[in-house]
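Each of the next two complexes has chain A plus one other chain: chain B in the first, chain C in the second.
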Partner chain A sequence: MNGTGFIDRKGWFFIAIVLGAAVLVPVANLMVPEGSPLHVSDYLVPLLGKYLCYALLAVAVDLVWGYCGVLSLGHAAFFGLGGYAMGMYLMRQIGPRGVYGNPILPDFMVFLNYKELPWFWWGFDWFPFAFVMVLFVPGLLAFLFGWFAFRSRVTGVYLSIITQAMTYALMLAFFRNDMGFGGNNGLTDFKDILGFSISADGTRAALFAASALALAGGYVLCRALVTSKYGKVLVAVRDAESRTRFMGYRVENYKLLCWTLSAMLAGVAGALYVPQVGIINPGEFAPANSIEAVIWVAVGGRGTLVGAALGAVLVNAGKTWFTGLLPEAWLFALGALFVLVTLFLPRGVLGLWDTLAAKRAKPADTAVPAAKPAE
Partner chain B sequence: MEPVTQSLLYLDNVSVVFDGFRALNALSLTIDEAEMRAIIGPNGAGKTTMMDVITGKTRPTKGEAMFAGIHDLTKLDEAAIAQLGIGRKFQTPTVFDMHTVEDNLLLALKEDRRAFSNIYWRRTAREKERIEILLERIRMTDQRFRKAAELSHGQKQWLEIGMLLAQEPRLLLVDEPAAGMTDQETADTAELLRDIAKTQSVVVVEHDMQFVRDLDVKVTVLHEGSVLAEGSLDQVSANERVIEVYLGR
Partner chain C sequence: MRILRATRSGIVSLALLMFAGILFLTPATPARAQGAAADPAGTIARFGTDSYGDTEAALGALSVSGDPRASEIVEALRDGRLLFDPQTKAVFLRSPAGAVTDAATGAAVAAPPAGLRPVRMNNRVRRAVDAAAGALALVSPDPAKRLDAAAAVFKSRDAAALPALDAAIAKESDARVKTALAEARAVLIVGNPSVAEAERVAAARLIAARGDQEALAALSNLPADSPAAVKQAAAAGIESINSSLAMWAVAQNVWYGLSLGSVLLLAAIGLAITFGVMGVINMAHGEMVMIGAYTTFVVQEVIRTSAPFLFGWSLAIALPLAFLVTALVGILIERTVIRFLYGRPLETLLATWGISLILQQAVRSIFGPTNKEVGAPYWMSGSFDIGQMAITYNRLWIIVFALLVFFALLLVLKRTMLGLYVRAVTQNRRMAAAMGIRTGRIDALTFGFGSGIAGIAGVALSQIDNVSPNLGQGYIIDSFMVVVFGGVGNLWGTLVAAFGLGIANKLLEPFAGAVLGKIIILVLIILFIQKRPRGLFALKGRAVEA
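For the complex of A and B:
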């Protein structure tokens, strides 16, 4: 890591806001009385928590796309797998309180005439195991996928299409009832997490704070990576892959490490998302979800990490507001947003902010070339 | 393992066939330690394919390619070959645009290339010193904090040569280093390459005859994938077959 100064001013600002929210939102929800203008409603807490999970997913996408040049259209797969791992833990916590009252088998398994718990559900009643799986399952899939793809030097649009196919294949697989993950309906009706009622205000607030901490932690981790020499090599791979190779770097190893880490971050985001929205189903693997994540990054500013998180929150807040107004038109608005950003804000919202800040800092410099005609 | 040959680079009977097209046709060539060689030849003579074979980008259909007498280049990949000590400069300058001049050199320095260890990397005094020396040598000390994207074409060419030197290769393959340079820059480049060739082997592919004359080294003429003539520039320019090929009978 590059000494102590690997987090810049923008980064500290970002961390301060996220950690500030981790404290203030729960306080404003639990301590400030309802009716006060400072009160954050029970509806808003999980909604904001969801945005933070999306922001962490966006940071993960930005790490591989912004710094390594791998445009992933399949990050929803890792997000979804992390979510399912958490969902399985939550299902096992229901215990005998399900509709069928079976102490071992979740409702959908009783319904589908399962006689015993499938082997891949073993251990998920124990939180530390589920937590490890949240990291391990997306990480393993990413590692295997990346091992083959990067070694065969699949790049550019071909790689993007394969990532898209990967998440689509997972979606189809999880839709099947006999996969053992609840099929179409997914996993839902959760009751407890770590012994606390999942619908209690305190639990919701704690989940929000955990999401904020995960986002800040994920950001610091990514920032440390991209400012190290490893990160400099990543950018070199992004901009001139074969040059880097002819310099003696094993490009595939650099990509694989970055890709696998990114998938694990996405898995954590998914795991925090599920208890806050209360359901995980195969729809999370939909190709459109992965593409949306890419749009958040593009809107916020690719290759900035902070911008990716900002983009995720902005676009999703826009989505919440817009779908309340005109639900059918949201996808058109999203498409238009993407086209406009690509055309007019190639460096995203954060890039625009940088440009404005630079103009304000030294107006004299920018005025000079304008005053002087072409040399 | 016993060295097969005393030469640093040894190509024997190398052929490369793409879909029936013979890019290289039984090419044989040897380069000695600390030798500079100029390679000339018309378009499609196989100059770039030859470099691709040496650096592991292309596998020869048949033939032998040995480095330092013991390393079989036909079995290694680009990264392994680069780590053995073969550096390559491309025809169009390829530097890392988003990195500063200094970082470009830093990435090229002959150091640990593994991904994990580079996460924990910290700049050492030795690295710093070597970067200073390199900046001095390519005359870019005052440009060190500029992004490579902002450099002029000639500066990029020099930066790329600097990056090649940072790798401390035993053999440098340099593709058209003088392309797009001013006369002064061309002369300076020739001087720099001659200086490098005192300690390292250099293979220069070039179209600019004046530049080849400035280098004043043994010349190999390639034509249709094999060696047409070899000798001093005056000798090969007097060769009838070379004249025929260049002037089109």
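For the complex of A and C:
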């Protein structure tokens, strides 16, 4: 700790990189002429933006898994709900420009013979409302789920399995056409966000910057949380839940707050993700996605926040690279990653870095002791 | 199957209707037919003139002649196998195999004259053919055909068929067919104002006793001007039918539920070992099921190409092979990965998930991403009826098989040395080691055993599910739900949970629809786990807190 408060050196480094990217990538995309080696292509901007959304999701997962010991296999549910809330706003912005030209109903509703807008779509044409919903809906689900689960002391593997069941149930639900969320096809064909064309370079650059800001903000929030007194108790819950309870802490309340916050962060990540990829469908709820988010955290280093974000970017960059190069081999690589990281890298890439750094520091340490007695 | 039967009887009823039309609406025809009936050879000779009118008349006569060969001739005419010699006007019958006989006598004709032409048909004649076929079916020598024809009349509710029916009842000797004919007759007279009231009431009772959907339709379509007594009898009948139908519907749903439960049991039973007994969160469990299914596919391919006569045995051959293959894969996984992760359940979950991805992709690379065709042996296809519910053989066998596997597993765990060791190691590893049990080996064997059971389940599930690399993923969540719901480490709990969830799911389906029913079940399980975090039948004691 270098005395600058709750953010350590690694944290400042991380924030600097993310904020630097928030400025540099749009600049390199918009201002630097094409053909220049510094130019960031139009293809790359939303891709990098997507990685940042995943990184935010990973930070959210790390908050509950790394600091609270709750292995969530259902964070895709919160990510997806946030995404759907944003998708609903974007759908409403299409207005009469849909294929059927209906000024009120989105295309899929015309197609499915809806007569009027379902009540749960009300208000989504107004961005502030949609933004609140992005936080509120995942937060509410997480609160209700956590309220029941933590109160009845469902822990460990059982909790993991029911979180998985939760996202699975949501996936099945959203696949139904009569749920009013576009069924199988989800929401797509977006046109505008806040009045700006969603496919314009400027909008994409802005969305990228927004993702970077959200990631940095999410990191600072989580970091503030885990370094506070509250965070210390959280770690105590993770390491010895019963003992913490015996000491008089209301363990379930600590867990519930952490869990709900994490879900809201995941919701924000989903909301930023949707305009950048241009579609949200029930496939986002697939349990496999949640488990993948967990492996990002494991790869980067559980309980480090920075590592989670790093892991998300690393794994997804690897995925993009691999699927371009050897599409068949990606699942082999991902599977091997799961096995190898759990077997040989329990502290992730960041942990490996720390170990190596400590080893390099050690020889220096052994040289110092001679001076120590003199102190 | 049911649709097929419905269309067939629909055709027969249509035919009967038209047959009746010919009999009663065109008075000339019966008169001519009557004249010809005394002389079968004369009737048949009329086909030889190849005039549409004569052909039609001959058909009418044939259908009431009682000639045992009548239906054969009508059949031949329909298929264009009834031939005539343009010179002599003699009529011949060619069998589908090609042998030619004299149509009038049935005697084989060794050297048929050259230049035979089929008797021509127009639409009118074709209708007459269908009508004649329907009427002949009522007196057909084959009881199954008579039964179908009776059912057709029952459905058509066409009063014009009554005389033909009366004639058929008088001749009928088979008790089952007689009942069916009587029921058909009851349908025709219950709404007939010219019949005595008492007879109509009796008819209504007879129909009600049938107790199925068609009887319900027949009773509900009573004319409004029917006498009160008849109406009352019909209303009582409708009520009794409705309540019995509702019961049958519940029974059918329970059956579907048992069937789903057996699938869940099969999918979960291996997991009950690896997760329930050993405590390994085995996310690759579904892939063991998948490998078992692919083993079945490979076995069937080999049999198809090299020993087709063994096909009926293909599943029996696949069972031990699937067990061996998946057990070996399981042991390999346990020795190389899982053994380093004991006591770290969340890490085990991630590592086995990674293994499941690798196995899926491996199968996809080897066999391709598309569904593979796994055939059913003859003894697993088809269905039979119990009362108002249909039971298919493959579902029945899978239920039987799931129970067999379950009890075999129970036997192994409770009655063999391996089972004793397994229980000892899971209850107290260090004490078991102190007693001289090689715990590492037992771990590997147990995991292999659980995986092998999953492979066996794959053989059965290949019969009812698509064999694709994603087969296992569909079962993994359900399997965990079953094991957790039933209580980890409790095999009987797994059994109860599988069938309980299966039946609950199917009973919900009529009200909520398939997907929503499944969602409701998932939500209920999530809530249930809140209430009883250790499942229905939790193990009690200190060991479970570890």
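We take it that the second predicted complex is superposed on the first by the 359 of 375 C-alpha atoms of A that agree within 3 Å, B and C clash if a C-alpha of one lies under 4 Å from a C-alpha of the other, contacts with A are read in each partner's own complex, and residues count from 1 in each chain.
FYI, a residue touches a chain if its C-beta (ideal position, glycine included) is under 8 Å from a C-beta of that chain, and two chains touch if they have at least 3 such contacts.
Since this is a predicted model, take the numbers as computed values, not measurements.
Once the two complexes are overlaid through chain A, chain B and chain C fit side by side, free of any clash as defined at the top of the document.
In the superposition on chain A, A:Arg153 contacts chain C only, with no contact to chain B.
Contacts of A:Asp239 after superposition on the shared chain: chain B is touched, whereas chain C is not. Once chain A of one complex is fitted onto chain A of the other, the partner contacts of A:Gly82 are absent, as it touches neither chain B nor chain C.
Once chain A of one complex is fitted onto chain A of the other, the partner contacts of A:Tyr230 are limited to chain B, with no touch recorded for chain C. Of the two partners chain B and chain C, it is C that touches the larger number of chain A residues. In the superposition on chain A, A:Pro106 contacts neither chain B nor chain C.
Contacts of A:Arg250 after superposition on the shared chain: chain B is touched, whereas chain C is not.
The least CA distance from chain B to chain C in the superposed model is 8 Å. In the complex of the two chains, the chain C residues touching chain A come out as 281, 283, 337, 340-341, 345-351, 353-362, 364-365, 473, 477, 480-481, 484, 515-516, 518-519, 522-523, 525-527, 529-531, 533. By the touch criterion stated above, chain A contacts chain B in their complex at residues 1-3, 225, 228-230, 232-233, 235-236, 239-240, 242-251, 253-254, 257. Those residues of chain A that touch chain C in the complex are listed here as 71, 73, 145, 148-149, 151-158, 160-162, 164-166, 168-169, 172-173, 175-176, 287-288, 291, 294-295, 298, 328, 331-332, 334-339, 341-343, 346. Listed in rising order, the residues of chain B touching chain A in the complex are 55, 57, 78-79, 82-83, 87-88, 90, 94-99, 103, 106-108, 113-116, 118-122, 163, 167.
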